[in-house]
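Here chain A shows up in two complexes: once beside chain B, once beside chain C.
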Partner chain A sequence: MKQHRFRIILVVISLLGAITAFAQSGSELRFCLHSEPKTFNPLLAEDDSSETIRYLTGGVLIRVDRLTQNAIPELATAWKISNGGRTIIFKLRDGVRFSDTTPFSAEDVGYTVRQLMDPALHSPTADSFRSGEGAVEIQVLSRNRVAITFPAPIAGLDKLFDQVGIMSAKSPQKEMAVLGPYHVAEYKAGSYVLLQRNPNYWKHDGSGKQLPYIESIKLDIQQNRDTEILRLLRGELDFINSLDAEYFDKILSQDSSMAHDAGVSLDSEQMWFNQVASSPLPDYKKEWFRSTNFRRAISEAINRDDLARIVFHGHARPAVGPVSIANKFWFNSKLQPHPFDPTSALQRLSQDGFQLRDGVLRDRQGHGVEFSLITNSGNKYRERMATMIQQDLAGIGIKLNIVTLDFPSLIERITRSFNYEACLLGLVNNDLDPDSQMNIWLSSAENHQWNPNQKSPATNWEAEIDKLMRAQASTLDSRKRKTYFDQVQEIAWEQEPFIYLVNRNALSAVSPSVHNAHPVVLRPQVYWNIDQLVLGNEVARKH
Partner chain B sequence: MKWAPTLAVSLLALTAAACVLADVIAPASYTHQFRAEPDAAPSRQHLLGTDDLGRDRFSRLLYGTRVSLLLAPAAALLSSLLAALIGGTAGFRGGRVEKIVMSGTDLFLSLPWLFLLITVRALMPLNVSPIVSAAITFLLLGCLGWAAAARVVCADARSLRNSDFILLARASGSSGLRLLWRHMVPNLLPVLLAQFWISVPAFILTEANLGMLGLGVAEPLPSWGSLLREMQSYPSLAGNPWRFIPLLLFIVLVSCFQLVMVQEELPA
Partner chain C sequence: MFRLGKHVARILLTVLLGGILGATLLRVAPGFGVDEEELDSRLNDQSIRALRQEQQTDTNVITFYFRYLGRMLHGDLGISRTLRRPVSELLRERLPETAKSVTLSLALGWALSFALVILALMSRSWSVDLFGSVISGFLLCLPAAVLSVLFVMSRAPARLVLALIVFPNVYRYVRNLLLRSASQPHVLMAQAKGLGNFRIMLWHILWPAAPQLLALGGVSVSLALTAAIPVEALCDLPGIGQLAWKAALGRDLYLLVNLTMVVTVITLLANSASNLLGEAFRPSAA
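Up next, the complex of A and B:
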């Protein structure tokens, strides 16, 4: 009798488990956030987790299509840029409501822009809109028309609105009332964020069915990448948005249908030499680092193909310059990666008086060429790149000392004390427009890493870059802008203040149960078309 | 189990000999990258395969063991000497001196030394050769690792101070230094030796942990820290059992140290 009862309990437990599993897989998409979201306010999103939630919940006026990289209408059905690039007039979609049923109107756009530009809010998104001194003027022309005038022209203005989630001026729920495909239904700190489908989402598919198809999204807060991979392989997660090469290959070997390599991304890895005049380096080293021949020689002595093949397991490509080949419009297709050519490197060095004697490269005064390369500790890819560069440079008689530092110490050295010789870091690039690189290329900028905050350009080529960057930022003609920025890329290629090493590929893993997923190189790689995604057992329901 | 300590000593001696003769035994330079064969499986040319940059794992294991086995005992010796000096003096003098010194030791034990190590690494000159950086890392470990041992030595010295044979020596006219050198030190030696043998694997482990934080021995010089760091990620381990060999050797050698230590403690 006891045995019989035990069997019944087992059957009931199994049935309950199966029902739960079916319910979970049937209606809920699951993936991981790697940290706690710092805010649900779309204007304050800065960290990856908050940006994920902004993308999934926020309604925007204009969206940058992640596939074509063009601006496409969303809540604004049309827009016009006038007044020399200072004013943008939006015509808004009618009949749209927030998730809490509050109607959407031009007032909400005005409210959002006022909030965004409020200096007290410290919105990181607002920085791109701050073109000059003065206030932003907002004119609500009618219920569905609004004009926004900035104090100075902003190049690529329309695409910047991709980052601005519209907030409700009237809803008592404030930032929790949203216009995107999902709204935040539950948040358990340290555990998960549950998003539910927005019942008032304005988009419909071709057959008139309201989007999105998936009922809810559970974002598990999970830092450990190993656990994340295991959960994906066990079917507990539906995708991993971004993977590194090692994990990607692991998934590829276990289930190749899950692994997606979307090709070269916008992210780059680069090294540079300290050219700050006031740095505490010996004068002869300053002279080396300021020499174009020296920088070009180092660049030619580095085998970028090997870096891409060995360090990134082939999921990277030798970098050309400041713009990745993935940036379809802005990449200067005339340029090619610097070839690996140690003989040419030695020739360039000999032009500056360097000589290779007994396996040691020496400058005119007889100093052996030795310098240190700092990078952040804990990043195994950068440490491996540094070690490979060390061997490459040993081939032309240069001794490279690798120093891994904790991030705060590294930042202190490259931004304040300037007590370093060369640095290896990466650039995570989310923006296609060169305007986002103004803070890198202007000689007066803080992020002009090799020699920041210059009062006047230290070299002629930096002066030329300043001129070209300002010229591209002050014109609205995209062809002219492209011409100017192509020249910037050519100067950067010629002078190599940054020695660009590789562009990593955009790698992701998607469970076969997720349909309509077409990972791309722009963030968010997998769920950029979240409202079109369908889970396996919902395909029948959709059709 | 009487043979166990003998086996431990033999294994340690064998490892030490292999490390000393690394220049002769190693099939390749520990820095050379065979770029055509990264992550290669064990073969005739590469007995333990190659690492992710194509460097011969066997050669790196030999040189890495040499670095760790040479510097960890040196650091352990330094920390044991400091412990003997500080703990021994406090225990021998007793009273207010002991209270002050032991309070200082407790304070020292409670400080977050990891941050000091990070800071020192950040403040060190950048153009330092990997060998010097390794030596500095172990020197710091030696300078910071004395406190726990000092407490043990102090307790032992205190009980010795109050023992009958010390009282007898005092009564016979032995003065401070003679008392310390002739009577205290020989009796403290077993506990100091035990502390030394405990410190050696502890420092090796600490260097391995520091290596995982990128604060240990600099590339391209191998150490157990850098060898164990390769095992951090799950994808690199799965299906490659030979990657566990540095860990296996580490466990064997630490066990050997423990066995030798037990052997040292037994007569005491």
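Up next, the complex of A and C:
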């Protein structure tokens, strides 16, 4: 009787094992989205989750190679920019079908661009193409040739198409019919998005096998980063695309083969002073913040090396200016990070009449130098950076008060009420081209954060930046553009309207079961070559 | 019938007031009407202005509320600004998840409480009573967030966190009520006459305490619902608690007002039902 029971238990265990093995053999890649995707429409994607889905499902005409940072052909086999940078003509790949078998043609490109340029569609992707007033002309020249003419020249036009997922003009499935490696198969709100391999994906590997190799991708919607790390370490996830320094070190200490530091990224952390003339600040403080010497002195009093070493555990680098060293072409290599030099900072301050008396820095009228720095609450790195800056500034007699606010309150202060003195935030840079920073550097722009919406430039150096930014945007000669933008970087370095602090490294974690993963600094760091990724149990099948 | 009508009218009035209070609180909260997207450097000035214009439509709370109520009568609960989806759709997806969690937590919390109290009463063992009191006291001291994190780290089913929040609150009241009921003279008399333990428990201890237990039932529903907000947010459970958390962070007026109303309706319905049932029990208990 006992032996009989033992046999039954053995059979049950074997059955369970077989079921588990079967479930695992489905070649499913798993990683996390940190919020609900707001849309599956590739033209409306602006949040991280929607952009992830757009990258995995959307077929594009041109892709920016995340390794070389050059434009490479995808659905367009060739393209030509003419008419002084206003027109781009695409020659399209033949025999391509959408995921629902609808054939792909020039009409779909025309339809997508028309939808994208709809004046009512206020999406960042669309705005990148809006260079001037007027309508966009689309000419379908043949089944596989299309010409798009913009009202004004657009610098770096071809690379902008990396963000445009082509939609079908005819498919009844609308935006759910895609040309990318995967298509959305299932979506459970708040839980997961399941992507399945696109059976009509046009790419094949060297041996003629259709890509992608991985059957499906399960994107779990998981806000809690601690849980995400735990799940990765338990083997329930295959990678984490972007990690904080602390989590990175935690993974490094547990399994060093998983942790990948791709080096310095495009993202920066910076602080700036409120220079808005109408802000409710006392006049003497407005005068401090408008002074170049004051800003330069603050910059020199901050130890950037310490910020990188202590706050980011060494996974960051002192920042130089608006362009990170990771941006190979556009970075101005003549510039160096501002050195930590409190003596020089005090000398600069003395030029403006500031004096250090009894450990307190005072201006000409005797006001003690004290200001508050706002940053977003819950971001432990910014909170720690603020604390270190507080200590550094105390060294030259400045009292810094740190105020953390939730994001909506902070945005209200820096964009509406201007009721703040200094702000510490980061810039997430998705685009290599300086044209994407037009709305930051033009003095008339809403995002010219230290003093937005100026009717005419408040300072000579801002007028100079306006001129240079417009000049770089109106020429197609990349050398000339580089020369203009180098000058912008030099002025920004000299005047420091933004005090650039550090550029964070691109950190990620990839399970050893994922093959062909080569994390890079550009987004999406880990899955940029999604159609080439292979899971451990697929390697045998691939070869 | 009149009593039922009075209850319905009270619920309706409270829900309407709750809705407008929720809307007012959100309207005066710092950061109302701003959007993180505004900081996207790729957006041009026209788009930022359009985005701001869009946010300005609901600045007057009274206008917003009457327009909202008018649309609600036609079955339109508005569009969530943060998730860009109809609120009715979001509620339809998320309510069953929270209903599952709350029902499970109530069932488990009550069952555990009853089991421990009845065991202590029937066995007349001080050690069982002490065990129940220590466990419930310990759980009462643990914040919901800590419990959630512990469950996430130990891979335990997150829905059980709610049960552990309901249990200690229910246990204390159930214990006190049943102990008081058990010490009544007629119970002692029944025990002296040799009546069976089960019969004494059912008819002489539980039955007289039924109105108070039912009232506690109503309160425990609102307790579980309130606890669902941090627990779902921390454990990534896709219910209305998680939705409420996101709505509050994103200053999502339509979503938050609707959620306030839903939670108010459920709480009031549970309390009213327990009151009405309690009143029905009273005459026979007397």
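The rule is short, and it goes like this: the second predicted complex is superposed on the first by the 517 of 543 C-alpha atoms of A that agree within 3 Å, B and C clash if a C-alpha of one lies under 4 Å from a C-alpha of the other, contacts with A are read in each partner's own complex, and residues count from 1 in each chain.
Following the convention adopted for this analysis, a residue touches a chain if its C-beta (ideal position, glycine included) is under 8 Å from a C-beta of that chain, and two chains touch if they have at least 3 such contacts.
As the structure is a prediction and not an experimental result, all values here were calculated from the model.
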Which partner reaches more residues of chain A (counting touched residues only), chain B or chain C: C
Task: For A:D431, decide between first (touching chain B), second (touching chain C), both and neither.
output: second
- prompt: Does chain B (first) or chain C (second) touch A:M258, or do both, or does neither?
  reply: neither
Task: Would you check which partner chain A:D226 touches, where first means chain B only, second means chain C only, and both and neither mean what they say?
output: both
Query: Is A:D306 touching the first partner chain B, the second partner chain C, both, or neither of them?
result: first
Contacts of A:H122 with chain B and chain C, given as first, second, both or neither: second
Query: Who does A:I491 touch here: chain B (first), chain C (second), both, or neither?
result: neither
Message: Is A:E383 touching anything from chain B or chain C once the two structures are fitted on A? First, second, both or neither.
response: first
Message: Quick check on the superposed pair: does A:D406 touch chain B, chain C, both, or neither? Answer first, second, both or neither.
response: both
- request: Applying the touch criterion given at the start, work out whether A:F371 contacts chain B, chain C, both or neither, answering first, second, both or neither.
  value: first
- prompt: Common interface residues of chain A with chain B and chain C?
  reply: 226, 230, 405-406, 409, 412
Field: Touching residues on chain B, where the partner in the complex is chain A
entry: 31-33, 35, 38, 52-54, 118-119, 121-122, 126-130, 213-215, 218-220, 232-236, 238
Field: chain A to chain C touching residues, read off their complex
entry: 36, 38-39, 46, 122-125, 127-128, 130, 188-191, 221-224, 226-227, 230, 234, 405-412, 415-416, 425, 427, 430-431, 436-437, 439-440, 444-447
Field: chain A residues within the chain B interface of the complex
entry: 226, 229-230, 246-247, 249-250, 306, 310-311, 370-372, 374, 377-378, 380, 383-384, 386-388, 390-391, 401-406, 409, 412, 419-421
- line: chain C contacts chain A in the complex at 30-51, 82-84, 90, 93-94, 97, 149, 152-153, 155, 233-239, 242-243, 246, 249-251
